[in-house]
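Worksheet: the structure to be examined is printed underneath.
A, B and C label the chains in the order they appear, each numbered from 1.
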Amino acid sequence: MESIKLSTSKRIDLLDITAEVSRAVTKNKIHDGICIIFCPHTTAGLTINENADPAVKQDIINALNKLIPVSAGYAHAEGNSDSHIKSSLFGPSLTVLVENGKLALGTWQGLYFCESDGPRNREVWVKVIKNHA
Amino acid sequence: MESIKLSTSKRIDLLDITAEVSRAVTKNKIHDGICIIFCPHTTAGLTINENADPAVKQDIINALNKLIPVSAGYAHAEGNSDSHIKSSLFGPSLTVLVENGKLALGTWQGLYFCESDGPRNREVWVKVIKNHA
Amino acid sequence: MESIKLSTSKRIDLLDITAEVSRAVTKNKIHDGICIIFCPHTTAGLTINENADPAVKQDIINALNKLIPVSAGYAHAEGNSDSHIKSSLFGPSLTVLVENGKLALGTWQGLYFCESDGPRNREVWVKVIKNHA
């Protein structure tokens, strides 16, 4: 596997990691397969969404904060219960097809690291599995 | 990969795509492996849920609309911010086991394309990876 | 595939299945690959989250119950519409990397079976795909 190092600057943020993951895929020189992206943290997750209008990213963050408020009488004493819950809503991993040696994404799709308890130094793990049909 | 073409008729709907994905898997003639289903759109997602009582589908749609209302002062100007957020909640991909040449699903499970910004012409990508143990 | 049998004791609960899945992976003797964990039920799901402080688990359950109340005028007559919706929010499958013959998880990560309509006898399916690079 490959580890991509990330550094987040806000408590809650979406970081576009499409370029970093694409580079890891290209390096592998696998023409046809799948790429698994895994987040080894419990207060961050991964998603795929629009990477054109930055307002989409802001709307996603605002909606997450409305659904899972930062403070809501949580039992966990570290002040990041909301971050744990948010990370489970989006999930810890993504699987993307690899076609012609590249990540196969829709026109408007980008891969996002969803930080919910930053700022922190983070990493994302990437592995490409070859299709031996 | 295989592309399955879909046509949706409502703004928000769940389309049962189990038969289409099953056909793509059977065609591949892979006895033992995994099947990845990927949605290349940013205002639609994928999920697995009950395919017996249609009321479940309606309850899921109503719950999504309560959690993420169509209008809620979003920043994104295209009128489909709710659709982007809904697609991230369910996620862009599914991984299902392939056993004896078929999708291995529980008794009540069906695969759903979750349209959140229809009606539109859509597609879903399918790839089967063989288990060379 | 391998089937892991589970027995849940509450209507809504998170069961740590990390040890059971890890055993299934070790048994396979695959050094480098991916592990897919699949839930064949429509009123349960899977997630990865913190396995240190049990308060996190309780906060996740409480937040799910706030987002998707047990009773909310649902159409489905079996009294478990909330369970179906909850299962789609977390999703039916997980993909985890296998490195050096073991599940590759972050320091604080555990795998959870998310029961939403217990108590019941359940199962979880596990398959390991080898990386033939």
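By our rule, a contact is a pair of C-beta atoms (placed from the backbone, for glycine too) under 8 Å apart; a residue touches a chain by one contact, two chains touch by 3 or more.
It should be emphasised that the depicted structure is a prediction, and the values quoted were computed from it without experimental measurement.
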Chain contact graph, described as a line, ring, star, complete graph or other shape: complete
Angle of rotation relating chain A to chain C [CA atoms, steps of 5 degrees]: 120
Homomeric contact chain A-chain B: same or different residue positions, threshold half: different
Rounded Å distance between chain A and chain B, as computed from the means of their C-alpha atoms: 19
Per-residue multi-chain contacts in chain A, two or more chains: 67, 89, 91, 95, 129, 132
Touching residues on chain B, where the partner in the complex is chain A: 1, 28, 30, 36, 38-42, 67-68, 72, 74-78, 81, 84-85, 87-89, 91-93, 95, 125, 127-130, 132
Residues on chain C engaged by chain A in the complex (per definition of touch): 33-34, 47-50, 53, 55-56, 58-60, 62-63, 66-67, 89-91, 94-97, 99, 104-109, 129, 131-133
